[in-house]
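Below is one structure, written out as structure tokens; the observations come after it.
Every chain is named by a letter (A, B, C and D) in the order it is written, and numbering of its residues begins at 1.
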Amino acid sequence: MCRSACVGLRAKGNNATADFLGMLHMTTTALPPPPTAPDAPAFLTPALDNWRGAIAAALVLSVIAIAALPAAAAFWTVGALVALVAATFVVNAFRRHYYGGLLVAPAIAMLFVMNIFPLLWSLGLSFFAYQSNRQTMKFVGLHNYIQALTSDIKAPENWANLQTTAVFVVCTVAAQMLVGFLLALLFAKQFPLRRYLLILVLTPMMLSVVAVGVFYTYYYDPTFGLVSQVVNRMCGCQYVLMSNRAGAIGGIVFADAWMWSPFVMLLVLAGLVSVPKYLYEAASIDRVSSWRSFWTITFPYIRGLLMLALLFRTIEAFKLADLVILLTKGGNGTMTISYHVLRIAQEQNKTSEGAALSYLLLFVVIVLTNLYLYVANRRSQEA
Amino acid sequence: MSTIELRKLTKAFGSFVAVRDADLSVSAGEVVCLLGPSGCGKTTMLRMIAGLERATAGDVIIGGKRMNELPADQRNIAMVFQFYALYPALTVGQNIAMPLHYEKLSPADSSARVKRVADILHLTTVLDRLPGQISEGEKQRVAVARAIVRDPNCFLFDEPLSRLDVELRHTMRSQIKEVLQGLSKATVIVTHDQLEALTMADRIAIMRDGSIEQVSTPHGVFARPANVFVASFIGTPQMNLFEADLKASAGGTADVTFGGAPLRLQTDPAVGRLAPASKVTIGVRPRGLTPVSLAAPDTITTAAELIEPMGAETLIHVRGPNKSDLRVVVPREKRVAIGEALHLRCDPRQTHVFDAQGQAVRT
Amino acid sequence: MKWQTKLAATASAAALAMTMGVAITPASAADVVLKMAVPDWPPTRIMKKFFDEQYKAPSGNKVILDVDFIPWPDFYTRVNASLTSGEKKYNMSVADSQWLGAFVEGGYFRKVNDYIDADPGLKATMAEIHPAFYDAYSTYPYKSKNIYGFPQFPDVLVTYGRKDILCNDDEQKNFKAKYNTKLPCTGEEMDNIDWTLFQQIGEFFQRKKGDMLAGKPADDDFYGIAYQAGKGYDFASMQINGFIWQAGGDIWDETKAPNSHAEGVVNSPAAVGALDHYLSLLKYMPPVVKTGTMDIFKSDELFREGKVAMNIDWIGLGEASLDPKTSKVSDKLVFGMTPGTRGADGKMIRWNNLGGQPFVLMTWNTDLQNKEGMDFVKWWLSPAIQNEFAAGGGQSAVKSVYTDAKYNSYRPWNRAWAASLDWQKDVWHVPPFFDLLTQQQDQFDLAITGKQDAKTTLNNVAKYQENLLKEQGLIK
Amino acid sequence: MADIITKTPIWEKLGFRKASGVSEAGWGHTALAAIVSLIYFFPVLVIIITSFKLQTDALAVPAKLFPTSLFGLLPESMTFKPTLENFTSVFSRAFTNGGAVENTGFDRFFFNSLFIAGTSVLLALVIGTLAAFGFSRYPLKGNDTYLFIILTTRMLPAVVVIIPVMLMLRVVGLSGSYLGIILLYTAFNLPFTIWMMKSFFDELSPDVEDAARIDGSSDRRVFFKICLPQVLAGLAATFVFGIILTWNEFLFALLLSSVDTRTVPVAMSQAVSGGGIGVLWGLLAAIETLFLIPVFLVTFFMQNQLLRGVTFGTVKR
């Protein structure tokens, strides 16, 4: 029984991703190896579980189909071949008792069809000059990427939008983490009516983004808005929140943080209530100060969740576009890179350019995520 | 001054009373075990002493000071939890050092203290490991180490040995006892294992349904149980208890009817104060019954039903009058066949009479 | 077995429901279905209603107009995605006039010259459409002979006014005293407003809460004028174009491509002056203008809530002002043409950007669908239906309809309608229309929120347009 | 042997002193939490209040926040007369000035939202639970890397995948159908479903399963009879979490739904544009209020399971 040893070994690996997951205490339970199975069929045997053969055959046939058949027929042919290969995998797994593979297969298939395949498609598209409203396509290699990074018209705009996005990411994630954390502390006790008050705080994230955006324009409106009315009453002046960049960013950050702090709160609270009570009792007997007991007992319990919340919210913050569209239309220096991509790919139909920019953005996100995982992991190993 | 005194301590959770009017005092250097079946309120009582629960009524006095209102961290006590409550994110060494932060020792002093208790408890080799990486026995010792690393008013142990296997339990028992003897602090240990209580305690408080039934030395609770509950709870094999009608009693001799058959017993003279014809419960330890060859007025006539060799001795289950089950322990040499008639004589020193209310009748 | 049974039951129920969803009852073989994407608002709702109640296909086929009412904010996104993904879902669609190029070049919108040539009646109807709208809605390239679209809801900008404020005796007297001009009060007087007078009205009616307004203390801050100055879609451009044309400047002229340029035209001194003029009026408008979000809806909302005396907006938004449920000023309305620029000779120079939407047919329709579609167009543009449409709150660009005397009685703003038609122009229809527009809107927004001056703004716009148009091969 | 004992949370099995850091607090804390919660809830409250207002009341300055004057306690300018008109307008109203009252289709849209969100979350739960069990009990080489890749599928802006997805659905004839959008949402929900459910399976004591196997249970029986019943709370938590995230999805719903399969967030724009005249505040608020009710109730009744479930396996219990 090597369970904890296995986990320990893996957690000491160098791969940051695996370490992160190890840090999250993702334990895996190994089963004894399955009973002996029939040997795999030889490469050239036409058996239904000969997946190697199937892949080779499918590759060859696909290339022929794409070259020879009209687009629609080729699509179906390739689709059928992919299905065949998948079928051989399943049959193979079944015959050799790879239950893990069988269990995971539907999910992988679903993700492949609905997520990974479209992603690869648009990755391919990013190497072409293609505008979706004009049905011509030309291979241009890295042109779209180079343009996005060096063109003297596009590059500065992309760079400025990325900087604005960075401001949003930092502000809104910081605000969400802080507010979510404080709210979680508030609710990490058992008190009368807790159930009813907690749901009130959770409500904002259940609202539709459209309604939130539209209603925040109403709250911020200089004439009709509640915020302006209150401030006008207090200062006797004309208060226009969104009239400058700081105000506009602040307004959007406030709305976004208001909506998503409950998400952070939910995760942190889940961590807080799972700290065993007897640890706090031991700490109070040992006369540990509350500050110290927070860092030595509470924090280790919620650290994984805080990081997860940070990761989720950072990814989402990079995608921030809807509230910007609804509140400022990107005006007053609030244009984010995601909204920019949306405009390019959706409004202006520059599909391949949008795809290229998206992949550059994905690259930034992945680099940042891995950097963050690396740092998080280092910290967790030190502790 | 390291003493604990409880006065009329009561704890109620809603309508359920977990501890009722408990009186107990533990003097410096004394080890008192709270012993009782599950749910008898012993852990609640310990948590009230620790300050983890607030008493509904009564007083907790530690070191001569009333502590009712003080939270746990201001009572200056040390406690070992049932599940050890080791801080999972800290190493063994950091765990042990945790209570020392309050005393603001220099790092050198602090590590010296940790080193010393680690030596005592043989933990030196695991100081850098995390609690998840050490064995149960080591965890137990870490928990004890964390308690003794400082100089508290008193020690509290909550079922300290319950998660260890039999062998480990045995060694830990003596280790803990050894450690405690050198400290001269008031110590309270909660346990449901009478062997643990009998071996470790200076005195034992036996609890049932929230009340303390008897407080006495290990010898006291065994030899002079205060009531039927204590008599039945302490001692293995369990004491034989049977109901009888008292006919007459005078000068340490009592005539009773047990299942229709008359029986003459040597008892405590105090039995004479009981009204004649009252119901009593007679308790005789299994080792206090001796088979004799002939029936006599002072013997009980029974038949052997089940024989369990226990090594040095043999436990025999016998069928007595009125279909009662009795247990007899005889020396190994004594051979008994199943179905054989046995005439049992009661050893007066191991015979107890309890009145109709279950209280022992003694001078 | 309990678990598995439940699972199987749930799965089969879900599958059944899905199959039902997939099998949306198809029309029977003899029917012709025209699937049409339209924005969800009264003009299209009325069209659908008329069709269902009155339309009988001359061919005798049973024609079903299957209308997908899409809320305005998502209309473009939805239609664009549907077209460009190759979904081929719609047979007809309402489009903005500017979208023509973008979707004609990609082969989505069908050229309908063949059908029109084959039908003299329809040809005559087309000739009846006011040339400004015919050019903007039907032709691509702009003002060429290729016909693609037909007016669904033709629209122009008009000035909305508050009678109770403008005609108040005190206000009239004070205005006269201050500017030595009559404060316009009737529709005819409003027709004659130039930008100078418009500015004076803006300056005159800046009232704080509690100041006297039309003989009563104002219950909230009050402003004289408003027009669109929003960053969204085309909101600022539609107004600024009018200013530029009136000042003798121009936007990039697609009809003269490939020899026309953006550089030197878009940022000509006249254009810069016009933009400056436009910006100079913003300070008299409600404070929301400072945020760059005062679009046509916001200024209309402010007007309906009684916060401004005069608002320049599309006729298409007018119905809400008339409805007491959505308007506090429903009984105090007066309408006039939009302001012009007074030339040196004292004559008014007028230009404006037209609005509204055409509708088009798609290239993948069957011949039968196209034929039924064209019959539907012919019916729609027939004077009787156009009259009924106008009476129900629509507008008509068909001459025999809008010149009819009863036309003006349909709605209070119709008086200003026919008079405005002759001086309407449209923005670009070229395929990269959205590139041109978004960049220009971004730049205008910077100017409106006070981050850069008019000259920089138009220089940036010109530079970008010149570059883009060259890149796309539209100019040399 | 020792480490097996460490992994078994005895206190939970014994059923007493449950692992819980929740300490007791009194009414004083309730008061504090109530103040904070109400301030936090205030913007939602305004939306709910607005749903009872007519358009002109909704935009009144100063804002009218109270539906009653409390027997003359509040000035007239701060009160409005509540009306249910917005709620009836959600389902049927006249689209043209003075026109006939028509069905808005919102009954269908609400059904669509419920059906699509419910089905796709359940489907993701079925597929995701199987996969989570696979990942948990039959770890592959580089297991964690696969899990991470699954998570990264949510990092890209949605706009990148939408065009290929639309094309694909059109090719297989599913565009605008329930099945198409449900499959997409299922894929959308799968990553965190797998993550959450895996954490629950990881938490289970393997001893019980081993015992069941020794007693002769098949793998399938172990899964259905031993494992699933133990993670019911986890299934509930994952369900609620999925519902919260799916309920409001906008972009995919906009582009993939037809008239018959349109969901409420998309149809909500009816009130945002108000038929081309700008926002109909009362109507929008009424739609949002109605739209909030189902997910609010689900979350309310399952909040304890939700709190237990969203730890994503980061906390050892």
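Points worth noting:
The criterion applied here is as follows: a contact is a pair of C-beta atoms (placed from the backbone, for glycine too) under 8 Å apart; a residue touches a chain by one contact, two chains touch by 3 or more.
Predicted, not measured: the structure shown is a model, and the values here were computed from it.
Core chain by CA centroid proximity to the global CA centroid: D. Here the largest set of C-beta contact pairs joins the chains A-D.
The distance from the centre of subunit A to the centre of subunit D, with each centre set as the mean of the Cα atoms, comes to 17 Å.
In terms of their C-alpha centroids, the spacing between subunit A and subunit B amounts to 58 Å. Note: centroid distance subunit A to subunit C, computed from Cα atoms, is 39 Å. Shared interface positions of subunit A, defined as residues touching 2 or more other chains, are 4, 132, 223-224, 276, 278-279, 301, 346, 351. Among the residues of subunit D, those touching two or more other chains are numbered 6, 11, 59, 61, 162-163, 268-269, 272, 279, 316. Shared interface positions of subunit B, i.e. residues touching 2 or more other chains, are given as 83, 88, 132. By the touch criterion stated above, subunit D contacts subunit A in their complex at residues 1, 3-4, 6-7, 11, 17, 19-27, 29-30, 32-34, 36-38, 40-41, 43-44, 46-47, 50, 59, 61-63, 127-128, 130-131, 133-140, 142-145, 147-148, 150, 152-165, 168, 171, 183-184, 186-188, 190-191, 194, 198-199, 202, 206, 219, 244, 247-248, 250, 264-265, 268-269, 272, 279, 281, 284-285, 287-288, 291-292, 295-296, 299-300, 303, 306-317.
Taken in their complex, subunit A has these residues touching subunit D: 1, 3-5, 10, 15, 17-18, 20-22, 24-31, 72, 75, 98-104, 106-108, 110-111, 113-119, 121-122, 132, 183, 186-195, 197-211, 214-216, 218-219, 223-224, 226, 229, 258, 266-267, 269-280, 298, 301-305, 308, 315, 318-319, 321-322, 338, 341-342, 345-346, 351, 354-355, 358, 361-362, 365-366, 369. Taken together, the subunit C residues at the contact with subunit A in this complex read 76-77, 80-81, 83-85, 102-103, 105-108, 220-221, 230-232, 286-288, 290-293, 302, 305, 307, 431-432, 434-435, 438, 442, 445, 449, 451, 464, 467. Only residues 131-135, 153, 217, 221-224, 238, 240-244, 248, 327-333, 335, 343, 346-351 of subunit A touch subunit C when the two sit together in their complex.
On the side of subunit C, the complex with subunit D involves touching residues 3-4, 7, 10-11, 14, 17-18, 21-22, 24, 39-42, 45-46, 49, 68-69, 71-74, 77-78, 81-82, 84-89, 219-220, 297-298, 300-301, 305, 316-317, 319-320, 322-323, 325-328, 392-393.
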